[in-house]
Structure formats: C-alpha cells, structure tokens
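In what comes next, chain A is part of two complexes: it sits with chain B in the first one and with chain C in the second one.
After this line comes the complex of A and B, so read on.
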C-alpha cells in the first residue's frame, strides 16, 4: 500500500499529466488542447497556493529562530510580513487605507530593494579588483579584458577613443557574447528537454521523496 | 628534648628553665618508653609521640602538683653525696628509671652487697604492682616441686633456701616472706637462722632489731620478734624490701661484713659489753610513723641513732622525683583498692586537639511540661505530648548534593575546552582569514568611495567629454512602435520589481509614453508579485495628470505560475480582472476584442532577468511569429537579448540607461537633462571600476599572488 501511495500513484499522475500536456501541444486535437489548458490552469492555481504555503512556512521557521541567537531579525521579519499582509488585504478591498499600502510600497519597499541591489555594484567592482589576485590564469585575463571593453565601450566617450571603442564593444557583444549566450541557451533547452523526458518516464520524481 | 609545661617550647634535655618563657622545667620527668623524650611529671601522654605514659589501670590525680607524702623508711637520698658509694649511686639511678626501664636495668646480684641481700633490701620484684596486690609472681614450691626429677643431692640444696623462708624468689638467697599479713609469727630461733650475726650489727642497729650482742649469745627468744626492716605501708621503693627479713634469732651466723658508709655513719662501737636489751618495745621500720609517735622523746633520743633521727630531716626524695602515677598508685589501695580506673580524672586539656571535635556532645533537650488547655485533660501537666513527627510529611528531606570539588571543576573545564576545540584547524587559515578579511574591507571601502564620488561629481562639476549615447536596437524598436495603428492593443509584460526599478524605469518610461502617444491600448500583466505595483508607480510618476492617457492603460495584475503563468496570460487575457479596481477585464472598454495574445498588435517585454526574457520570447515569439516582440531590458540582460535580436525574435531592444537615453532623445519626453545626469554618473562609475580592475591587475601581477 505504501508503495502504491508513495511511488506508483504519484508517478502515474505525473506521467499522465505530462503526456497529456505534451500531446495537447503536439496534436491539434480539441480534446487534448482542452485538457492541456485545464492542466496548465491547475498548475497556476497550485503555484498561487504555493505562495500561501511559503508565507506560513516563513512564519513558522522564523518563529522558531526567535528563541535563538539573532532572533531579533526574525522578529522584525515576521512583524514586517504581517504588516505588509494586512496592508495588502486592506488595499485589495479598495478602501481609503489603500493609500497607506501604496505609500508603504513606494517609500519603504522600493528604496530598500534598490539599496540592496545597488550593493551588487560594489561587490562586483571589488571582485574585479581582486580578480588577478585570486586567479592568475588565461581565463581570468580574458574575462578582465572583456569586462574592460564592455565597461569602457558603453561610456559615450568622445573621439577618438569613443569612435573605435564603441564599434569594438558592439562587435564584442554581437559576436562573442551572443555566441556564448546561444550556446548557453542551447544547453538550457537540451537540459529542459532531458529533464522533461526523465519526468515523463518516471526516472526523476521531484514530486516524491523516494 | 623536653618540652616546657607552660608554653610547649622544646628545650634540650637537662634544661632547668624554658628557653622561651623562662618557666622552670622539672629536671626529673617521665621518659617516653617509645621515643625516649623526657616529659614533665603529670603528662599522661608523651609530648612528642603521644604515647600514653600512665597505665590505664592507674588513676591520675587531678592535681598533679599535690605534694606527695615524703618517703619514709629506708628511702635514700636521691642526690648523690660526696661520699656515696658507687653501687648506691647506681641504685639511686636505677630507682629513677620508670617501671619499664627498671626491669631492664635491674641491678645484678653480683653488685649487691651480701649484707643487703641478706637484709632483703634489694629485690627485683619489690615494686611489682601485682605483688602489691597480693599476687606473688614467684609461686612457692617445695624442693620436691622444684626438682621433681633432680637428684637427691639437688633436693638437699634447697634446705638453706627453705631456711630463709618459704616463698622466697628463686635465685635471691635470704629473700624474706614479703607480705606482712602472710608472715607467720616468728619461728623458733633454732629453726630460723638469723640474717646476720649479731656481732656484725652495730649497737644501734642491734637495739633496733633486738639482736643481742655476740658476746651474749641469745638462748631465748629474741625480743625482736617483728619484722625489723619492714617498710612503711604503701611505700614501694624499688630497691627496698617490702617486708623485713624474718628475724631468726639463733640462726646461723653470717660473717660480719659492713659497707664502709654504714661503718662510717654507725656510732662508735661500745667499748664495754653491749647494753642489755631494754624493755623498750622493738621499733620496726614503721617507727617513723607509729613508733615515734608512741615513744616519748627522751626514749627516742636515747634509742634512735642520730642517723635515723636525721633521716627525718634529710631531704627525702623530691616530690618531683616520683611520677604522679606512682604516687597515685601508692595511695590507691588505701582509698579505693578495687576501684575502677578513674578515667574521668583525665583533664580535658590532655585530650589531643584533633580528638576534641570527635567527642560526643551531650544534648540536653529541654523538656517542656505541657499544660493541657482543652479537652478532658485540661489543666493537667506532664501529660505525654503527641509524638513528634506524627503530623510531619512523610517525604524525606531532600539531600542537597555536595558541590563539586575544585579539582573536578578544573577537569570538567579542561574537557569542555577540548570538546569545543575543532578537530582540525589548519594554521594557515588562522593567519590568512583575518588578513584577507581586512583586505576585502579596504577594497570595498575604496570602491564605495570611488562610486560615491562618481555619483556626486555630476552634481558639482560638469563633465563635458561625454558624447551622445549609442544603442543598438533602439531604432528598430522605435520604428515598430511608430508602425502601430491607433488603439492597437499592446501587451506589456512588466517583469521587474522595486529593486530594478531605478534602472528599468528609465527604460520602460519612454516606451510607455511612446505607446500612449501613438494611441495604443496598453495592457499590463506580470508574472512577479511586485510587477503590477511597480507599473502603477511608474505610471503615477510619468503620467501624473493625463486622464486621457491613463484611460488607455489597464493593469491586469499578477499572474502566478512562472512559465505556466505566461501561458495562462497569453491564452486568457479576457478573463482577467483589473488590478486596481478588481473589475473584470471583459467589462472594460479598453479590453474590447481582446481575449488572448492573438488579439494584440505587439508585445513589449520589460524585464531585468534573463530567464524572464527567455520564457516570454519562447512563449510568444516561437508560438506566434507574426506578433512583433520588442524588449526594454536591463543592461546586464543585453547579452542574452542580443541573441534573440539577431534571430528576429525580438524586433527592437532598449538596454539600460544608455538605450533609454537614446530612446528619450528620439521621443523627447522632456527628461533629457535627467538622462544626461544619469549617463554622466554611470560613465564615471564605469571608468572608476575599470580603473580599479586595471590597478588590481597591475598590483597583483607585480606583487604576486598569495598562496
């Protein structure tokens, strides 16, 4: 019974759903298309429900961490999450408190996220400064040269530097960078196909613990 | 070493005064039989080794300083006189020895004068306590018992011995019967030989003993019928006989040999015939106690020689010369012959200090006389109280465990420290980590300062050397928007949030304004939760007061599900609801005729994530190649977008602030100066970062890399 409920039944459902959706895309049959659209709609609903589960899981984890070292941060996180939840619920009701929700998003969340994101620039610049220190090899040297060309080539420098540096950057981006990105995208596509096939045949069961 | 009785300081043997406190130290003490230390008289235990000096059977007087009774009888002076004989000196020293040592230093019989032996003055068993108690250590045996298997001649040797007296110790000829109570009456003269012939006795002694002069042989019974040299009771001098030699008038005569001292102290021999024995009753050795008291002084002066009279005045043995326990033993038979040892006589101070805490304490419980106040027994006293503990809880008292010892605490701390220490910690990491952390901190500070300077510099000075921006794909996107007919539905995929809004707003703003200017109906959707709010904020900033333009925009909100959400959006645009009001999209005029992506004229992707761009391009451009797709992206997504731009999946592209600035120049939204400021700051920051990279490469290439 355990084998049936934990292995056979989930694998059967996953394989059947995958095959039906794939068939709905491949075969122009209205029945299969309807089933495909309905299954995709179910996936969207389940994804939305996953946000709710994630929210309560966040609360549970940080409630447990409040008793440990650094519990103050968990307390602030829980307090902020609950406050934002209440504001969003009130805003969805189209009440006068909607203004508070908008103000909270525009003047609290947006600056905080922008600040954290801006720190990435400092981290990247520091890493670039220590590039040769940590990796003295050909790859690092190529990376350094490429970064310098893109960085400086983006700047609208006046002639004569800007006249030959901008085309160089353009070539670098359209040829070398695009080649690399395409190779990356092809790898991603092949990987996605392979993972899909493994799930369809039951080799990978991300929906099951076994 | 002898210890001061007052302060306890140790002094050399023979010291008369304490070297510390000056207290006189008794010269005579008790020598410890174990360690040989001289202890003051009165000590029950040795000051050095705590060996008990006084037998338990002998009670110790509470007042050790009590003046002892003077030794009477034949007590000899303890201080050696000038004319004292050597053998007497030895006897005196042997007397000073304790009981235990006395037996070892027993005077050999060969050194004792014969006359003294005959008198019975020397006896090895004179001071035995068991003898004082009436128990003879020498059982009286008949010659037959002594030599049951011996020859006849041997049995005959016992005859002189028996003549001396039955019960005499073996080996000591002439030892008399020792106990007065057992001494029979004087035997007949023909049966008992005299101890020494009367001719050898001085007159004074003859008078005392009643022995007749040799010139007048006695034929009758001698008046000296009692024990002539009987010592005073309860005076057991070690060398003196406890009983006098039995008088044996008419016994065999002994060659008259007197020691010199006795000859000297003796009065001159009478020239004439000795005086006849007077009618004065014979005086025994008890005469010092009884005879003198009964006789008149004239008679005493007449009959007692000066020597013996002076003996009373002679300095007898000092009280300190006899141990207290011996003095107590002397008096014990008179007071309590069979009393139990008075252990209570031990003064508390004689108990060692370490033993005092162990003594049982007497707990006196106050007995309350309870007077009943109620009930039938009201007013009665002495009623048995209720037993204690009956109303007490039955739970046992909690025993508090003893705290750990310091040694245990130290071991526990050591073990805890060992357990807290990591099993393996490379020494390189210890020295490298702080230095590396410090290096990274300095680098970050330097980078931060440079970037901050790059941002603030355009506000202070004008940077003239930056030219007009150049962006690829901007012209294509601008042409696509210009080609849209009025009121064409355009789907905007708003795939960025507040974190990327500072950059993406400069990209999305010109595109939205251009679409609105072209009269397009803008449909905003997002697969990110913060997407719709970000879009509303941008519209609020870029189109604040234009109700006409805002009527062309509808925010269809957030669609969860990732790639599936994109599919859901593309398939069911007409089923969505408005984000701000919650109204169904199908009821809005702007949504008229729009049910899916197939009904829109263009799709514009506004994203800062490469994956979002990929998903949207794959879902829209691949499945609907006839629908033009443009993109306004972040600068970091430009390499990915460039791949789609070359294949035609993207019809136009704006990347970053540079692309936005170029688009704004084409569109002329009136925010050219803001874009110029942004571009100047961006240029300076990029130059600073490039300089840092070059500097870092130069430094570490020249300086070498850390191991």
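After this line comes the complex of A and C, so read on.
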C-alpha cells in the first residue's frame, strides 16, 4: 500500500499529466489543446499554493533565527514581509489604500530592486579584475577581448577609430557572438529536452521521497 | 511633509544603504537586503493570494466551474502539508502533478521555442548568398560556430579505446574551436550586462544626488 501511495501513484500522475500536456502542445487536436489548457491552469493554481507554502517556510525559518545572533535582520525581514502582504492585499480591495500600496511599491521596492541590479556592475567589474589577475589563459584572453570590443564599440568615437570600430562591433555581435550563443542555447535546449524526457518516462522522480 | 518628500527620503536612504556595499559587507547593506527579500516575498504572496481569490471565488457560483476547481484546490491544500514533516508525503501527489506538467511545458518550450527556431535561424545557403560572398562567409562562419559551440558540450566518451580515439579526433578540434566561440559569446554577454547594470547604477546615483539636494534645500542648507 505504501509503495502504491509513495511511488506508483505519484509517478502515474506525473507521467499521465506530462504526456497529455506534451501531446496538447505538439498535436493540433482541439480536444488535446483543451485538456492541456486546463492542466496548465491547474499547475498555475498549484504554483500559487507552492508560493504560499514557501512564504510560511520562510517565516518559520526566520522565526527560528530571531533568537540567534543577528536575529534583528530576521525580525526586519518578517516585519517587512507581513507589512507588505497586508498592505498589498488591503490596497487591492480598498481604493483609498491603493495610494499607500503604490507609495510603498514606488519608494521602497522599486529603489531597492533597481539599486541591487545596479550593484551587479560592481560585481561584474570585480569579477573581470579577478579574471585578469588569476586566470592567464587563452580562453580568458578571448573573453576579455570580446568584452572590450563590445564595450568600446558602444562608445561613439570620432574617426578614424570610430569608422571601423562600430562596424567591427556590429559584425562581432551579429556573427561571432550569435554563433556562440546559438550553440549554447541549442545545448541548453537539448539538456532541458533530456531532463524533461527522463521525468516523463519516470526515470527521474523528484516528487517521490525515495 | 508631503508623501512624495517622505518617499524621496526613504528611497534615498534605502539606496544609500544598498550602495554602501561598495565599501564592503556591512550591517546597513544586510538590513537593506533583508528588507528587499521581505518586501519582495510579501508582495509575491499577496499577488498569489489575489490570483487564487480571483480564480476560485467567481467559480464557486458556477456548478461547472466549481467541479473543475475541486482537483487543483484539493491538491493545493494537500501541498500545504509539505510544511509539516510528519504529513509531508501527503503533498507528493500535488508535487507529482506540478513536476509532470512543468517537465512537459519545459520540454515543449525547449523544442518549439529554442531548438527548432535557433536551428532554423542559421538559415539555408541561398539566404546567405543574398548578401554576396561576404554573406556566404558570414553564414558559413555562423553555421560552423554554432555546430562547434554545440560540440563543446560533448562530455560523453565511448568506452571502446578505438572508438574513443575516433571520437576524440572528430570532436576534439571542433570542440576546442567551439570553446573559442563560446568565450566570444560570453564576453559579449558580459559587456552587454555590464552596460545595462552600469546605466541603472548611474540612474540610482543621480536619484540619490537629486534627493539629497532636495532634502538639503528644504532644511535651508
């Protein structure tokens, strides 16, 4: 009985649902397309439940960490999460509160996200510096030359350098870099295809505890 | 104090807290990062809850809609049992459905959205010829580059020694050439990401300077 509920039933559900959705995408049959749409709708609802589960898990972990050293950060995280949750829910129901929700989004969430994204520039520059210092090999050299061509080519330089650097950057991006990225994307696609197939034939069962 | 001014002060302070990372890891940066995680998770949970209410509540009034929602809602409630180690296995059916559908969507997405369009985009020879001999050269370079970059991912090796030698001869040199194309692509992607994040950083620094100027002018400084 345990084998049925722990292994056979979850594997059957995953394989059946996966094959039905895949058939809905690959075969132009209206009946299969309707089943695919319904199953994808179910997955979206389940993903919302999964997010809520993740939210409670985050709260539980940080409630446990509050008593330890550096617990203030966990307290701030819980407070900001609960405040944002309540505020956003109230703002979606009550029109006068929408102003406060918008204010919170515009002056707290948006600057934080934008600045953290901006910090990537510092991290990337540091990484490039470490690459020059620690990895003196052909691959690293090609990487840096390519980055420099694209970076300097972006600047509108005067003639005579500007007249050949901008077309060189254009050719570099549209031929050489595109060829590399295309091979990389096809490789990632083939990897995804293989992992998906392994799940659909039941060789990989990440949903089963054993 | 107007809401806009209060927002400007809060936004400027938070931006400065994040930017303090330039001086090294410090408590202000960590505090700002924890606020960011909390706010993002809280906002995401509110969106998930709103989506659930908007999907489930209207369907409750319609018998057919009610029937179609029973399975996902029951499975969703079972999924919440994953939060309790003792009853975690109750959520396996929900996870299985999610993984099965996710795998199928990812598989079809990889096939129809990446592999086929990218392979088609390399283009036939007559398309290259439209650009003259330069077009032909570029087309050839792109086709060879794509194939070699793909071969750079060939990590499997045959066990038979003679087959292995043949395989290394066939894949070795194109694979090495493919790594050159990959490094060129990663360098270009690096430069593009650097340019994008740098423009956002400059925008944030500009906002901070403007905010500080406004705050100081209000205090008469």
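Odds and ends about this structure:
Just so we're on the same page, the second predicted complex is superposed on the first by the 208 of 210 C-alpha atoms of A that agree within 3 Å, B and C clash if a C-alpha of one lies under 4 Å from a C-alpha of the other, contacts with A are read in each partner's own complex, and residues count from 1 in each chain.
Quick note on the criterion: contacts are C-beta pairs under 8 Å (C-beta built on N, C-alpha and C of every residue); 3 or more make two chains touch, one makes a residue touch a chain.
Computed from a prediction, not measured in an experiment: that's the story for all the values here.
With both structures placed on the common chain, the touch criterion links A:37 to chain B but leaves chain C unconnected.
Using the contact criterion defined above for the overlaid structures, shared-chain residue A:61 touches neither chain B nor chain C, since it reaches no partner. By the document's definition of touching, both partners, chain B and chain C, reach A:182.
Taking chain A as the reference, the larger set of touched residues comes from C, when chain B and chain C are compared. Of the two partner chains placed around the shared chain by superposition, neither chain B nor chain C is touched by A:168. In the superposition on chain A, A:125 contacts both chain B and chain C.
When the two structures are aligned on the shared chain, A:133 is found in touch with chain B, with no touch to chain C.
In the superposition on chain A, A:206 makes contact with chain C only, not with chain B. Once the two complexes are laid over each other on the shared chain, residue contacts for A:13 go to chain C alone; chain B is not touched.
Contacts of A:47 after superposition on the shared chain: both chain B and chain C are touched. Common to the chain B-facing and chain C-facing surfaces of chain A are residues 40-41, 43-44, 47-48, 50-51, 92, 105-106, 109-114, 116-118, 121-122, 124-125, 128, 144, 147-148, 151, 154, 173, 177-178, 180-182, 185, 188.
Contacts from chain B toward chain A in the complex involve residues 439-440, 443-444, 446-448, 450-451, 465-470, 472, 497-502, 529-530, 533-534, 536-537, 559-562, 564-565, 567-568, 571, 581-582, 614, 635, 638-640, 642-643, 646, 656, 658, 679, 682-683, 685-690, 692-697, 699-701, 705-706. Partner chain A is touched in their complex by these residues of chain C: 3, 6-8, 10-11, 14-15, 18-19, 21-22, 30-52, 55-56, 68-69, 71-73, 75-77, 79-80, 82-83, 88-89, 92-112, 114-115, 118-119, 121-122, 138, 141-150, 152-153, 178-195, 197-198, 200-204, 207.
Residues 37, 40-41, 43-44, 47-48, 50-51, 92, 94, 102, 105-106, 109-114, 116-118, 121-126, 128-134, 136, 144, 147-148, 151-152, 154-159, 162, 166, 170, 173-174, 177-178, 180-182, 185, 188 of chain A are the ones touching chain B in the complex. Across the complex, chain C is touched by residues 5-6, 9-11, 13-22, 25-26, 38-58, 60, 72-74, 76-85, 88-89, 92, 99, 103-122, 124-125, 128, 139-140, 142-151, 154, 171-173, 175-190, 192-193, 195-197, 199-200, 206-209 of chain A.
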